[in-house]
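Next, two complexes with chain A in common: one pairs it with chain B, the other with chain C.
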Partner chain A sequence: MDEKTKTELLTLFKNKLNRAMRYYLDTCTRCGVCTKACHAYASTGQVRYTSAYRHELVRRLYKKYFKLQGKVWPAAGEAKVLEDMTIKELYDAAYSCTGCRRCMVYCPFGIDTQMIMSIAKLLLVGASTEPELLTMLADMSIEKGKSMDVFKESFLTGIKKLEGQVVEKWRSEAGETVIPIDVDGADLLYVALAGAHSIIPAAAVFNAAGEHWTLSFFEAVNFGAFVGDPTRTTLILDRIISEAKRLKVKEVCICECGTAFRVMKHLTGPQPFKVSSITEVQARYIREGRIRLDKSIVSDTVTYHDPCQIARNGGIIDEARYILHHLTDNYTEMTKEPKYNWCCGGGGGLVAMGEETLDFRMTSSSIKADQVRKTGAKILSTACENCHTQLGDLNDHYKLGVDVKFLSSMVADALVR
Partner chain B sequence: MQTLIYIIMVPMVYAAAAIFVVGIIIRLVVLLRAPANPSTLQIYPEKRPKWLWAIHDTFLFPTVRRHKPVLWVFLILFHIAFLLLFIGHLELFADFQLTQIIAHDIFLGQGFVGLTLSICLLFFLFRRIKSPVREISVPEDYLLLLLLFLTVLFGSQMDWARTWYEYGELTVEDYRAYLLSLVVLKPDLPFATTFSGHSFMLVLHIFFANLFLIFFPFSQLMHSILSLPMNKLRRG
Partner chain C sequence: MSEDIKVEKVLDLKGLPCPMPVVKISKGIKEVEIGQVVEAITTDPGTLTDFPAWARTSGNEILKTDQTGDEIKFYVKRKV
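And then the complex of A and B:
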């Protein structure tokens, strides 16, 4: 690695060193309490997948370049020089970590591995060795924000085509727009994903609840966050924030996408609108009597997978159960305490990277497959796109014989007048 | 030899104390000057009051109790014993009514505190040699445990000698005289502290303690100070 690149990378590293990050890098006692927390270690038994091992890779650089100990006596803490080999190790550590933060629950100090891995991911971006696909997808999202006019027409036509399927689930009143777009002064802006499955059921439920809503032009998913690039993350986010401000909406509702929800809810700072997940909003409709659900639709045993970014890291836990208890009497918990739920193994951009990560996703998540199997449920519901895809893959790979469903679709299918 | 003993017991003690205090202050200033994280780092569900739960997490290590119960027993014993020894050393400087609520001789615990600490340290050391903790450990971790073990061993040995073997050449009064002379910047080494049969224990105890203090601010031992703010971050 040439000196110029090294200096640039170390500047990126330095910019990441806020107080919390320094706490995390200064403190690990390497006590090993967190080892069993990581699904990748629990499934494979390989120490390099323990969270402490992952952070130690970043910590060695921290010691070398930002700490007196590493300068005076590098051997004590195994401080390490930044070189090409290090970049390879960082890639392995960062793209085998889903950022689920389950290990943070175990650590006596609460060290946040996802945050430490964000340094690794940023260095990879700096060295242009990050997964190209993620950057490409992020750039496409940004491009869409810049030249909305080009995309607008085809987007509107595409949406129009979905209206029939929404009406099949919920017949709107005459004269009502089935999927409203660009509504100035709407109460709620719904930010969906690109697929119809993320729009149709949600639209039916909004219409059933009589919500004054509007659909965002942009998809919620933030590939910038997956690839750990703060600039791209913000650019992608800003498209939605400025749309919400322009339309003067009171609430931004994020579809079933864990990362999109957490980034919007917790990582953007105060905004003039409220941020909710679709699970929260649908639970609210039931509580307020705005929608009613038919319990006879779902007859098999149902379990629920708490998406890490929505439950443990996002705080939406009881709402999902509230909905499920209105959908079925046949609900069984996957874990006693949702903050201990095993990650599905698909977060942090791994699912978005598709086939490339499939083998790893399957081997690193056998513990998840076991957990699902133990519930004995026939329907596996969840509220995150990534989790849904990964759980579907696990279902095929481990022959779990479950039906993986989105919670919001289950709600839409059970709507009654 | 006497010069070496003098260096260890006087200038090195001053240097270690200075590095310890100044080092920690610098570390804390660097941390406090760094910008706060712009967003929450909380884990859910949350429990209130958050501060109280953060204190609970910091001092009772509930996650260790849950996931590594044996380690937890040793950790709790270790930290309590460490606290008692700290109080014991404070009592060498002056008599505190507060600590004498339960009347005791100096040091507290009649030698068992040191013994507990030594056993805990051996446990910590040996568990590091086992996978997967071995793979994540770095030399610093072994070194700190070893330094602490040696410090405690030689320190306790003096205590054990007095309480268990009726050894009386080196008395608490001698330690007091030595420590106070250091505090008032008129270093004086009482005869017993350098010439008695057990004085080499004291010298070694102080030597390893000095090294420990010097290394403290630059090592993972900062967890003793940072644990509370970190746990607060997790609690939100």
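And then the complex of A and C:
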């Protein structure tokens, strides 16, 4: 690695060193409590997948370049020089971590591995060694924001074609817009994914609840966050924030996408609208009597996988259970304490990287497959696109024999007219 | 196949949700030579905006888009 690159990377590193990050990097006592918290370690037994090992790769660079001890007596501080090999190790650490933060809830000091891995991911971006695919997807999202006028007609055409499928789930009144778009002054802006499955059930439920809503032009997922690029993350976020402000909505509702929810909820700062997950919104409709669900629709035993970014990292735990208890009397938990639920193994951009990560995703998540199998459930419900894809892959790979379903789809299918 | 476009490779992306169609076309386009065309068949309406945005950022060209029923066909020319 040349000196210019090294200097640039260390500048990126330094910019990440806020008070919280320094605390995380200064504090680890290597107590080992986090060791078994990682699904990848629990599934494979490989030490490189323990949280402390991942931290240490970044921490040793921190000691070398940002701590006096590492500068004057590097051997004692276990300081590490930034070189090409280090970049490869950082890649292995960052892209085997799903950012689920299960280790964080076990750590007595609350050390946030995902935040530490954000340094690793940023250094990879700086060294142009990040997964090219994720950057490509992030750039595609940004381009849609820049050139919306060019893509608008195609988008409207595509959405129009979905209306019939929405009406099949909830019949609209004459003259009512089935999928409203660009509605100035709407109460709620729904930000979906770029797929019919993310729009049709949600639209049916909004219409059933009599919501004054409008569909966003943009997809919710933030590939910039997956790749750990703050600039791209912000550009992707800004598209939605600008749209919400332009339409003067009171609430931005994020579809079943864990990362999209976490980023919009926690990284946008104060805004003139509140941010909700669709799970929260649908639970609210049930609570307020705006929708009713038919329990006879779901007859098989149901279990629920908590998406890490929505549950453990987003606090949306009880709402999913509230919905499920209105959907079925045959609900079974997969864990006593949802906050400690195992990650599906697909987050952090791993699912978006597709077949490239499939082998790792399967071997690193056998513990999740075991957990699902032990429930005996026939329906595995979840509220995140990444989790849904990963759980589907686990279902095929480990022959779990479950039907993986989106929670919002189950709600839409059970609507009482 | 479109009558006036010579297709080198066909990608069946029907039923794939976001972002897999774009992931597959970005890989598939590299499997043909520059100047050749890939026909990508999708069913996800999100691809109507995803594909043009991807083409712009990747430097490739969408020659034509056909919609028949639920199917969307993109004819993508590799330019880079």
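Simple rule for what comes next: the second predicted complex is superposed on the first by the 417 of 417 C-alpha atoms of A that agree within 3 Å, B and C clash if a C-alpha of one lies under 4 Å from a C-alpha of the other, contacts with A are read in each partner's own complex, and residues count from 1 in each chain.
The rule is short, and it goes like this: contacts are C-beta pairs under 8 Å (C-beta built on N, C-alpha and C of every residue); 3 or more make two chains touch, one makes a residue touch a chain.
Given the structure is predicted, the values throughout are model-derived calculations rather than measurements.
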>> Applying the document's definition of touching, compare chain B and chain C: which contacts more of chain A?
In response: B
> If you stack the two complexes on chain A, which partner ends up touching A:197: first (chain B), second (chain C), both, or neither?
Replying inline: second
> What is the contact status of A:104 with respect to chain B (first) and chain C (second): first, second, both, or neither?
Replying inline: first
> Does chain B (first) or chain C (second) touch A:22, or do both, or does neither?
Replying inline: first
> If you stack the two complexes on chain A, which partner ends up touching A:81: first (chain B), second (chain C), both, or neither?
Replying inline: neither
> Does the superposition put A:69 against chain B (first), chain C (second), both, or neither?
Replying inline: first
> After superposition on the shared chain, which partner residues are touched by A:416: those of chain B (first), chain C (second), both, or neither?
Replying inline: neither
> Does chain B (first) or chain C (second) touch A:266, or do both, or does neither?
Replying inline: first
> Does the superposition put A:52 against chain B (first), chain C (second), both, or neither?
Replying inline: first
> Can you pull the chain A residues that chain B and chain C both touch?
Replying inline: none
> What part of chain A is in contact with chain C in the complex they form?
Replying inline: 133, 136-137, 139-144, 147, 150-151, 154-155, 157-159, 161-162, 193-198, 219, 221, 223, 352-354, 385, 389
>> Looking at the complex, which residues from chain A come into contact with chain B?
In response: 17-24, 26-33, 35-37, 41, 47, 50, 52-53, 56, 67-69, 72, 75-78, 101, 104-112, 115, 266-269, 311-315, 317-318, 338-339
> What residues of chain B sit close enough to touch chain A in their complex?
Replying inline: 27, 30-32, 34-46, 57, 61, 63-64, 67-68, 71, 127, 131-133, 135-141, 143, 218-220, 222-223, 226-227, 229-231, 233-234
> So in the complex, which bits of chain C are touching chain A?
Replying inline: 17-20, 22-24, 26, 44-50, 52-54, 56-58, 65, 67, 70
